[in-house]
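Alright, structures below, take your time with them.
Both complexes shown next keep subunit A, but they swap its partner, so subunit B is in the first and subunit C is in the second.
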Partner chain A sequence: MVQISSVFKLSLDPQTVKQWKRFRSIKRGYFSAVFLVFLLLLSCFAELLVNSRALIVSYDGKWYFPTYSWFISGDTFGLDYDWETNYRELKQHFKEQDEGNWVLMPLVPYDPFENDFSNTYGAERPSWETKHYLGTDTAGRDVLARLVYGFRIALGFSLVLLTCSYIAGIAIGCAMGYWGGAFDLVFQRLIEIWNTIPFLYVIMIVASVVVPNFWTLVIVMVLFGWTAMTWNMRTSTYKEKAREYVNAARALGSGNARVVGVHILPNTISVIVTFIPFSIAGGIAALTALDYLGFGLPPPTPSWGELLRKGTQSLDHPWIVWSVAIAIIVILLMVTFIGEAIREAFDPKKFTYYE
Partner chain B sequence: MKRVNLLIRSFIVVSLVWSVTAHAESDTDVDSDTDDSDWFEIAPEDLLPEELPENLHWETNNEDPEFASPDAIRGGTFHTWMISFPKTMRPVGPNSNGYFAGTLRPLQFTPVAIHPNTRKPIPMLATHWALGDDGRSFYFRIHPDARWSDGERVTADDFVFMLQFMRSKNINDPWYNNYYTERVTDLKKYDELTFGVRGADAKPYIEMLDSVNLRPYPEHFHELSDAWVKDFNWKPEPTTGPYHVDVVENGKYVELARTENWWANELRYVRNRFNPERVRYTMIRDMNTAWLHFLGGELDTFGLTIPEFWHDKADTDDFKKGYVAKYWYYHRLPVPAAALYLNTAMPLLDDKNIRYGLAHSINIQRVIDKVLRGDYERLPTFQLGFGPYDNTSIKPREFDLNKAKEYFAKAGFVSRDRNGIRVKKNDAGKVIARLSFTITYGRPIHTDRLVVLKEEAKKAGVELKLELLDATASFSKMLEKKHQIAWLTWSSSGFSPRYWEHFHSANANVTQNNNVTNTSIPEMDPLILKFRASTNLEERIGLAHKLEQMVHDHGAVIPTYQVPYTREAMWRWIELPDWLGTETSGSLANTQATSQGYSSGGLFWINEDKKKEILALKNKGEAMEPLTIIDETYRIFPSEDADEAKEGE
Partner chain C sequence: MLIIPTFLGVTILVFLLTRIVPGGPLERWLQETALAGTEGLATQSSDYASQGGSTLSDEQIQEMAEYFGFDKNPLHSYVLWLGRLFVFDLGTSTKYNEPVWEIIRSRLPVSIFYGVATLILTYGVCIPLGIVKAIKHKTVFDNISSILVFTGYAIPSYVVAIALLTAFAAGFEWFPLSGFVSSNFHSLSLFDKVLDILHHAVLPLIAYVAGSFAFMTMLMKNSLMDNLAADYVRTAVAKGLHFRSAVFNHALRNSLIPIATSFGNNLSLIITGSFLIEMIFNINGFGLLGFDSLVDRDYPVVMGIVVISSLLFMIGNILSDICVAIVDPRVKFGADGSNQ
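Take a look at the complex of A and B:
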């Protein structure tokens, strides 16, 4: 409770208002942030935009909403099979029948798994007619659908990773800075030792023994990723600990938890916030790299790294590698812009070397 | 027991198509102080008799047809390529089992070879051979003219030396050390040109002959010592075959030269073969670069088995103007057993109805038609390509959703869950089982094929989860029998199919063997043993047909696809006999004395006059008639669809 109210107070803080205003004034960072949040929200509802299941089917006066529902077999709509309806064919079928039934398909009527070989072998060029706006990959899967779902997974992964490693990193870093002494010394050495373990090898070993899934990857990466944050938190806490207000709080009888949680943490928030965008970018890049090397999420999970590998392996189908390369560049560039803007906004000195 | 263990282990090593070449790569330290022959012991009953047995029935073969063209022209240099440079010129020892071993080892003749069309033994280094009474010994008479490429005579001493050599710790190759003590128990010289070899177990005639058909090692050349591995790293051996290594230009190329006045020039099955005077293997590190070298005329031939090459890349001006020919040649070699192997020890998969249902839910044809561009063929049976042993009456279970539904219903799976996967419910309506299986595999390149199977299986109400592991890890999982379904290809070799290692109950539910389906059928066991023990060809063929049918009926193997052909591009100055190749030609342009046991190589020749002519035409830009030959003489399953597809080329 204490922390929530302090955050609330913080948001009304004139200093914060000033920082926010400064952030807004840096246009490319601000618009990147708006756009990225927009993309994030959109990707939460990707099923409504990119999906092989129809949004609405009107059949014999009854409406169906297959997107989030149970699978609906073909015979429900008068087709002669009992597996999942192919809604694109159903749409065509209804059109030919012309009995007032209709199907509303999402913008991109493909899901990231199905193999569409209707027009060619394997990879198909981008085309408006087939609605493969970015073409298909070598297994006939829609590149755009895989990009969108891959983005959602990568971003989700990155956010989970960030939350977990920040909680661990901030807690331990604060403790090291706050208590200092032997505790600090021991943890410093432990972290140094821990950091020398080659992280990529651990992932490779894990991937060769079990099929890594979302959570095993998060766990392994948190295990090796929390240390980065500790150094910064340790220094900031050390600095803040020596300030008068901390002494005052202590003199008033505040316990350790209150001093750290209510007084020190809010004052180090600028350090944390400036790191967040880069951590997100790092998370996305790490997952993409792992997938590219084949140690990431198992097939057939849609992923940018896997698309990138497919693309570079079949340069005869350049639309694969182009789509994903541009997507990666745009996203990472936007995150960098945001990071820059935040750093600028939180900088206590108005004029920095960056200007 | 130790022997069985070793046998199994060696099977595993040999059988793994994609396994890293395991046995000869080991760099185990060897204690060189020990006396070289002290480490093993051969039981007296495993030794050959002191005197040559008198009642031997000496055989030879001068009746089978020749298969080389009398039009062949001797001469010229044949240019081909290799993807990496060999690490050594030694035939054994550390690093010797690399890519180039496939070129170095067949430079040597063996006492006999197998006729590539009739599949009968033919004389090579030996003129006569005879099977011993014990069924596991063979005696050979060496050709009196046989010479090493350095001019020395080939004698029985070279064979005796071979055994000593292979058993020596100095070669630093434990795999061969073991093999030549456990599997080859004795080799004895009877006179200058006569010797005998004894193997560990009796086998059918041709298999027995093959297992003791060992190449000699030149005694006058090798000096066995602690330093052998180092000293002989770059000293190519003299050979008994047509070519010997002449030039090794480190990192660039290896050049073979035809031995001058080669002793076997006029042998019945050898004349008119091995025509180029020199063969140069240039190192090119990348396939696409090699392709450019080929188009530049620097390489004479190029393999086109990969669909992308045959369909898309092999369509340049040189092809259109007829300077380069395309060959698609069907052969009848043992077909690697590519299949889905269902682990019958796992719940659900122990039910035959589920296995049949699964087979009808797997859409191999779609993978072949779309991902593999219709180039591969459906594999109907587990083992194929063994001539008369093939049971060609078996039809594979096709993708058929109605049949799948029927079989799953028989197993109690009638309803579907929210994702459309079939489930089994108990009387209270609670779901007690779900048709969800994990496919374990080890090659990322196969993912495209498996995702198609996965999506298609959904229609049948089956969920297939893909488990891609590192190649070694996936194979160990299969050998530990921890998989549900294994996507795996067993390499196939030898002269008859193998059932014991894959289907005998002795190997079921025990880890570390090739029975990855855990098949254990009481009626099958005696037939398998009979098949292994029998030396009667007719009986063995009958048994093989029966066993293959049982494998099919059991339904634990879902065979996938096969590539029963070779495809090659050749500049038109490379000429072939009218019949192009033989029934067992794995490639049309190899210069190997034997490949896969068959003496099929070296039929082509280089026409230097034509080369000048073609290059002149090419300079002027004048076209010739384009040439694409599809030879189906040895195609086992001609299919109408495939023919239509090809006409559209």
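Take a look at the complex of A and C:
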């Protein structure tokens, strides 16, 4: 802490430093944040951890790195086919040959799309031997691989959604709170009406016209998600607008843009920041629910909701449900703990209480 | 009274959506008859089958459009729909061919049961828990119950439902997998009937309730803490009042005001419920009806549900005001003309 505040002394104002200190002092939230950022960074390099392509292949004294490269055909390594090498078989092959060639596979040597029915037909129990650490789903795909890639997609989706809906929400909410009057009233009614449209309905309409993909889903969800932030921004802009510093700024000749951008917005930042974790959790939960219903991302995409559906359709494979359920619970719990800690850091409720 | 424009806006918007969107009941019907027509002509080439719709005359299509009310321009039929609404006629379901109101009414008991049970459980747990947490602020009990409550809040209710179903219905087989009552419900004695309903209700109720604890409990706790810190409570304690009666006679009543405000909003949840939970446990409630009607494009039912849920939302708002007036003697009806 000491180093951080001394390094950033020039850029961080004491208030922020205080809030950061308070956030760090709430262990539950702080460690959740550290762990979640760690997981996020890790998932950016998921290809190195969970992949059917080898990390390194050493063949005839040459090294190959197939992870991020274009596919390497089987005959490159002296196999008798010219489609993409099956590295798990190659590893076995090299071991039998015993000529000093070797293959280094990732921790989980499966990718989320391949159907592995080599051991059983249907879903396979978790096992260390086959390296399906969490088993496979009913289509023979590795559950852990799908969990990891599903996590990356869900979190990415949630972050994009958050950015877009916050930009819209902050802009409109600020305008409503700042101008007030008829503009505010009209938008209030609009939002009320807008909120009662069944959101699923619109998703279904979109699904009946185009196959929903990542971006169409983002657009539809932003269309319905901007209202929450708008309400909050409207309220806090109203509050800030009534305060004296706004009058002072105006008296000094600031225009609307300057008053809002330079004076009001920075003072509402705590509202925005405290809602971020809850929005992220909400985004993940919403995407998972949509995928669960079958209105989310199109089929082969690895997703938690799709796994949940597979698991509930066949309750005799409980490892599928448990893997996803525990993953969702852990991630969302961490996000909520972070949210709770941030709220506490920004708005410490100091009560006087009787001992 | 800004309720009426909102209501009109909502219904117009949803009504227009049902008209604009492809895949409505008319198209479905055309498709079905086309399929039925080709079944008899299975030996015909497939490209004939794709034009099967053309076997219907334009008159028949026109008749069907009239039957579904798709022959007039959308605004005109909206006005007609609204007119029928005033005499409490919600129309006929295009899927079940029954009056919409009958269908909705048949689902009501289930939804009301779960809604009221959820409401009672939520308030019955949250108010006492919030009070205890406020009095025992920063003790072990407070911390542990906070973690539990936030855990329930963090997990989406459908995940809770799926986890409970997998563990206690499929795994241990303690509870039935789905439904509101057993299939032999009618042959049971009254006592067994009650038991049967409760037996089916345990898992869905936990799933319904788990998420709603956090908000209420923390609201109760924080507002009671605010009041306990206020001068009037300190005065009460200082003049020799027992701490217990200071809390229950003085602080508690004031801190119930925010709880009362949120009561009305919960009312609309009574009936709309969560269709995901109803779907997972296969409970034939209001939420599932809404979802099914959307999937089946059963527009009269969709509109009926929109009407009822927005009416409930408004009644909820009014009830909130009444609750506040009961709890807070300073609020008098008519004293403030503004709504909300």
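The working rule: the second predicted complex is superposed on the first by the 337 of 355 C-alpha atoms of A that agree within 3 Å, B and C clash if a C-alpha of one lies under 4 Å from a C-alpha of the other, contacts with A are read in each partner's own complex, and residues count from 1 in each chain.
Rule of thumb we're sticking to: a residue touches a chain if its C-beta (ideal position, glycine included) is under 8 Å from a C-beta of that chain, and two chains touch if they have at least 3 such contacts.
Note that the structure is a prediction, hence the values are computed from the model and not measured.
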First, second, both or neither for A:E340, with subunit B first and subunit C second: second
Of the partners subunit B and subunit C, which touch A:E114 in the superposed model: first, second, both, neither? first
First, second, both or neither for A:F183, with subunit B first and subunit C second: neither
By the touch definition at the top of the document, which applies to A:S73: first (subunit B), second (subunit C), both, or neither? first
After superposition on the shared chain, which partner residues are touched by A:V209: those of subunit B (first), subunit C (second), both, or neither? both
For A:R141, is the partner it touches subunit B (first), subunit C (second), both, or none of the two (neither)? first
May I ask you to decide whether A:Y245 touches subunit B, subunit C, both, or neither, giving the answer as first, second, both or neither? neither
Quick one: classify A:E84 as touching subunit B (first), subunit C (second), both or neither. first
Check the contacts made with subunit A and report whether subunit B or subunit C touches more of its residues. C
Shared contact residues on subunit A, subunit B side and subunit C side combined as an intersection? 208-209, 316
Given the complex with subunit C, which residues does subunit A contribute to the contact? 28, 189, 192-193, 196-198, 200-202, 204-205, 208-209, 281, 285, 288-289, 292-293, 308, 311-312, 315-316, 318, 321-322, 325, 328-329, 332-333, 335-337, 340, 349, 351-354
With touch defined as at the start, can you tell me which subunit C residues reach subunit A in the complex? 2, 5-6, 9-10, 13-14, 17, 21-23, 137-138, 147, 150-151, 153-156, 158-159, 162-163, 165-166, 170-171, 177, 222, 225-226, 228-229, 237, 243, 276, 280, 290-291, 294-295, 302, 306, 309-310, 313
Residues of subunit B that touch subunit A when the two form their complex: 308, 312, 366, 369-371, 373, 401, 405, 416, 418-420, 444, 447-448, 450-452, 454-455, 458-461, 466-470, 472-473
Which residues of subunit A touch subunit B in their complex? 70-71, 73, 81-84, 113-115, 117, 121-122, 138-141, 207-209, 211, 294, 298-300, 316
